[in-house]
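You will see two complexes here that share subunit A, one where it goes with subunit B and one where it goes with subunit C.
On to the complex of A and B.
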């Protein structure tokens, strides 16, 4: 699956996560799996709010890390795709993954 | 100690314990099970006001004892709320022990505490917490430490009290086959164990310590809110306690690199 540049994303509400030293640790309680994000991943994760599109997120990335808009968008789409495949993100049109509790 | 374990069927008796400063009361009609628990948790007996009440039954039965924490282990089940719990399907003391670990991992959250696969050794009035998964060397560290200095060789309990982290002994056994010691000591540091031909120590940044701790934490809740709380507690510990990787060979010399 490849995500769309104009897609809108939100964090899966079933997850627990914490940012520390510009890194993010995400726990999926239902699967007892830990995921890690580096500083650029953390910037995007922090900025995913159910309103910003992939293009908006890429603009933040380009501004923060001084990369071209084209590179920032490609990196953003790749990360969103990866996070989506791991069920850490959902599109706002989709139903949330249910909390195992 | 409040133990009345030699009683006939239909009579409820109880065993009072304190683990990690948390008062617990095991109540059961099963005198055999309570007798086994009395032996197993010897040294952790204490009577405190308003203990967390745990009803222990050999068989499953409908009990209205909360559903804030639900967990199962090999046919045995724990259901708990903020002040009481029901253990059912407890056929032997090992099942009781497993359910108690599960419950504690959750019940410690309000007290800013957690259970960790770790051996804790006391030295110069401080607790050195050596953590790692099975086979990492926890029991080796305990075996190489002076008699009487081992707080626990398998499961450590860490708790933040008045802004300072303390390590507690627990009654959960490892290869030492001897219960831990029921006392607490301020934590000097947390050491991720890694066996190596040389003794070496490397500091861990808080983020690295958090990621090293997570796979070694005992936690069984499936609720997102509980995991958020656990992450909050572990992040606090990672920022406030010095963390290291300890590469060590199976010799007492590892203390030299820690001291240096």
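On to the complex of A and C.
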């Protein structure tokens, strides 16, 4: 599965997490599995709010770090994909696709 | 860019512990919401009268402070937590603040509705005290007729909601050999268990609970039981959460080899909060560090002299214990050293005797702890009749 750039996500409400010294520890209660995000992952995690799309998140990443928009979007999509696979994120909707015509 | 966003490699728990110890962040907090209880267990170390519990607003404020300070693992305990009428509100607050929540309870008041409420607020684990699979033994300890049946009835209600359940069985004179029944019960229910050989004085120093403590010699059949496999801890490598056969039912739950030369997590990345707002390094180390009614949690955590004193303890620098030849068999607890021996850095009779017993079981010939050696030399009595008396509870100004 690859997530869409215009998809919108929110954090799985069942999770426990804490940002500790720029890294985020996440626990899935159902499986008692621990996950950890590095500083850039934590920036994205902090910014996932049920309103921002992957493109919005990638733009935040590009603002904070020396990275091109293209790489930021690719990295963001990859992380969102992995977080979705691990059921740490829930896709709530896709932003409306603009009419190509 | 400092690296692509990713999920970091395992072992995560070791890394988390090492990082929070290094940064002195209170990763794990044991918060007793009340000392009131609907059981009257013979060995209990608490005064069940309400001497002015934190209000709901004070508890919410405490939780907000803990979240800001970096606490992730939160254990609500007591007393009996379901006697707090605001328990649901406090759990909702804990959920809002994204804590990983565990509960310790006797489960007498768990109903299908309350099990659903716990699930709804994201409670991950519930530890239930069970003293025996024999109601006569269990109920005699709790002094509540029918309590075993009610505690056991709660287990499927919780598990049906996907909440993990663990049985905790403190061992004492009344139930020493009943652990086999608890073990069988846990296995039949498919839940883990913990056997706790620790019976402590009351928090006010009253040592009446020690009357129920089993002598080290009487513990021999338990220590020899091959079905318990070892006195160590089994760790599931995939997630770093430990499954212990023996341990402390009141511990932080994050014991780990990552502590290296530290005695335990107490004061380093874990602490205890009482229903009256007092902060201690651990419930078994009730050396007052401060009160959140008087100071912020951060002020206490970062500035309390009592915590600093505890943080300075290193296993390798303990005056006697570091020289002990059977140190590897010992499970010395700094809190019990302080409560029972009066010295945070000292040895105490129970730990030394248990270490000697364990060493003997593994084939060590005539093991003698460093402390017992020193007592024998000092008294000229090789039989160590001159054991130190239990001292008055130490205090710190």
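Note that the second predicted complex is superposed on the first by the 92 of 101 C-alpha atoms of A that agree within 3 Å, B and C clash if a C-alpha of one lies under 4 Å from a C-alpha of the other, contacts with A are read in each partner's own complex, and residues count from 1 in each chain.
Just so it is clear, contacts are C-beta pairs under 8 Å (C-beta built on N, C-alpha and C of every residue); 3 or more make two chains touch, one makes a residue touch a chain.
As the structure is a computational prediction, the values presented were derived from the model and not from experiment.
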In the superposition, subunit B vs subunit C on subunit A residues touched: C
Which of subunit B and subunit C A:61 touches, first, second, both or neither: second
Partner chain(s) touched by A:23 [first = subunit B, second = subunit C, both, neither]: both
Contacts of A:38 with subunit B and subunit C, given as first, second, both or neither: second
Set of subunit A residues, in rising order, touched by both subunit B and subunit C: 13-18, 20-21, 23, 25, 27, 29-30, 34, 36
Subunit A contact footprint on subunit C (complex, rising order): 1-8, 12-13, 15-16, 19-20, 23, 25, 27, 67, 70-72, 98-101, 122-125, 162, 164, 238-241
Partner subunit B, residues of subunit A touching it in the complex: 13-18, 20-21, 23, 25, 27, 29-30, 34, 36, 99-101
Residue ranges of subunit B in contact with subunit A within the complex: 205-207, 210-211, 214-215, 221-224, 226-228, 230-232, 235, 238-239
Of subunit A, residues touching subunit C in the complex: 13-18, 20-21, 23, 25, 27, 29-41, 43-44, 61, 65-67, 71, 75-76, 78-79, 82-83, 86
